[in-house]
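Each chain gets a letter, A, B, C and D, in the order it is written, and its residues are counted from 1.
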Amino acid sequence: MTHEHTLHLDPRVRQEARNRLLSAKGHLEGILKMLEGEPYCVDVLKQIKAVQGALDKVGEMVLRSHLEHHVASAAVRGDTQRMVEELMEVLKYR
Amino acid sequence: MTHEHTLHLDPRVRQEARNRLLSAKGHLEGILKMLEGEPYCVDVLKQIKAVQGALDKVGEMVLRSHLEHHVASAAVRGDTQRMVEELMEVLKYR
Amino acid sequence: MTHEHTLHLDPRVRQEARNRLLSAKGHLEGILKMLEGEPYCVDVLKQIKAVQGALDKVGEMVLRSHLEHHVASAAVRGDTQRMVEELMEVLKYR
Amino acid sequence: MTHEHTLHLDPRVRQEARNRLLSAKGHLEGILKMLEGEPYCVDVLKQIKAVQGALDKVGEMVLRSHLEHHVASAAVRGDTQRMVEELMEVLKYR
């Protein structure tokens, strides 16, 4: 979805999201390494859950920034309906 | 946690889990690429959710295999308590 | 939390939420009835999950109304920080 | 699903589940009361989440009992496939 330049992710949040995603990627590579051996199922499940926890944290950061910088000012811009539809879609359970 | 050789992840499930995790990793690299530009917050949130969904699928595969090959035969091995404790821990919400 | 009269739940949404919660309550009473007999565990789990689904729907309705009527105009009222903090708290995983 | 008498919910777990569901029902009635007035949206969301938390706890209790008393002995009874299918179904995200 193309947006005027104003609706971009806050640069500081963007950088921290990158750092966290890089570590989540490293973690994921660790699980791939594990799967080369003969891992115990529950150990694999725990590692997957840890990566999901890290992704949750990134999602929370981006969501907070979006609420603050974009959703809270929707009425001023006049795009409340679109902001709310998008957000309800992305907040639905996986 | 060290386990007798019998409690390993089924080799076929292990291979499919590897393939799916490799694609999740590629997806995650896509988000990192996105964050080099000026992405719109909701687009980032959607991509994170897609990676979460892929990880959910891998988790479900490993869980099913564990239930079938290990938990269902716990009473025969005599390690029901440990199997149940581990499973309840890993099934808790993130 | 006391709020000026303007920050109330939209009356139409409030009525629909009441109706849905009344039916969720009836459903819950059904589970209680079930537990007077000798139910099979998985049947109980399915019924609990159905009530959770109904509560999810009510939550989604109230959230949508809150985003539309209150969060989207936070910048106009000047209470963006509080709106975002509250929302992040309530959106956290159970 | 009809089951031999052996596959019933453990009586002690059944009683505690009843008690917890009774209190969840009381809590739900509290939200209904709230909706008769002019509640603030986030207060309603918090109460719904609290009821869901209580239902999660009941679900966890019933699940633990099912794993211990039924799933762990599936290989002995010879109904592993059915036990696993049912469990995977009920464990899926709402």
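Everything below uses one rule, namely that a residue touches a chain if its C-beta (ideal position, glycine included) is under 8 Å from a C-beta of that chain, and two chains touch if they have at least 3 such contacts.
The model shown is predicted, which means the values in this text are computed figures rather than measured ones.
Just one of A-B, A-C or C-D has an interface built like that of B-D, with over half of its contact pairs in common by residue number: A-C. Of all the chains, the one whose CA centre sits at the greatest distance from that of subunit C is B.
Between the CA-based centres of subunit A and subunit B the separation comes to 18 Å, rounded to the whole angstrom. Centre-to-centre separation between subunit B and subunit C, using Cα means, comes to 30 Å.
Averaged C-alpha coordinates put the centre of subunit A at 24 Å from the centre of subunit C.
Of all residues in subunit D, those that touch two or more other chains are 56, 63, 87, 93-94. The residues of subunit A lying in touch with subunit B in their complex are 1, 3, 5, 7-9, 14, 17-18, 21-22, 24-25, 28-29, 31-32, 35-36, 38-46, 48-49, 51-53, 55-56, 58-59, 62-63, 65-66, 69-70, 86-87, 90, 94.
Residue ranges on subunit A touching subunit C, taken from their complex, read 56, 60, 63-64, 67-68, 71-76, 80-81, 83-84, 87-88, 91-93.
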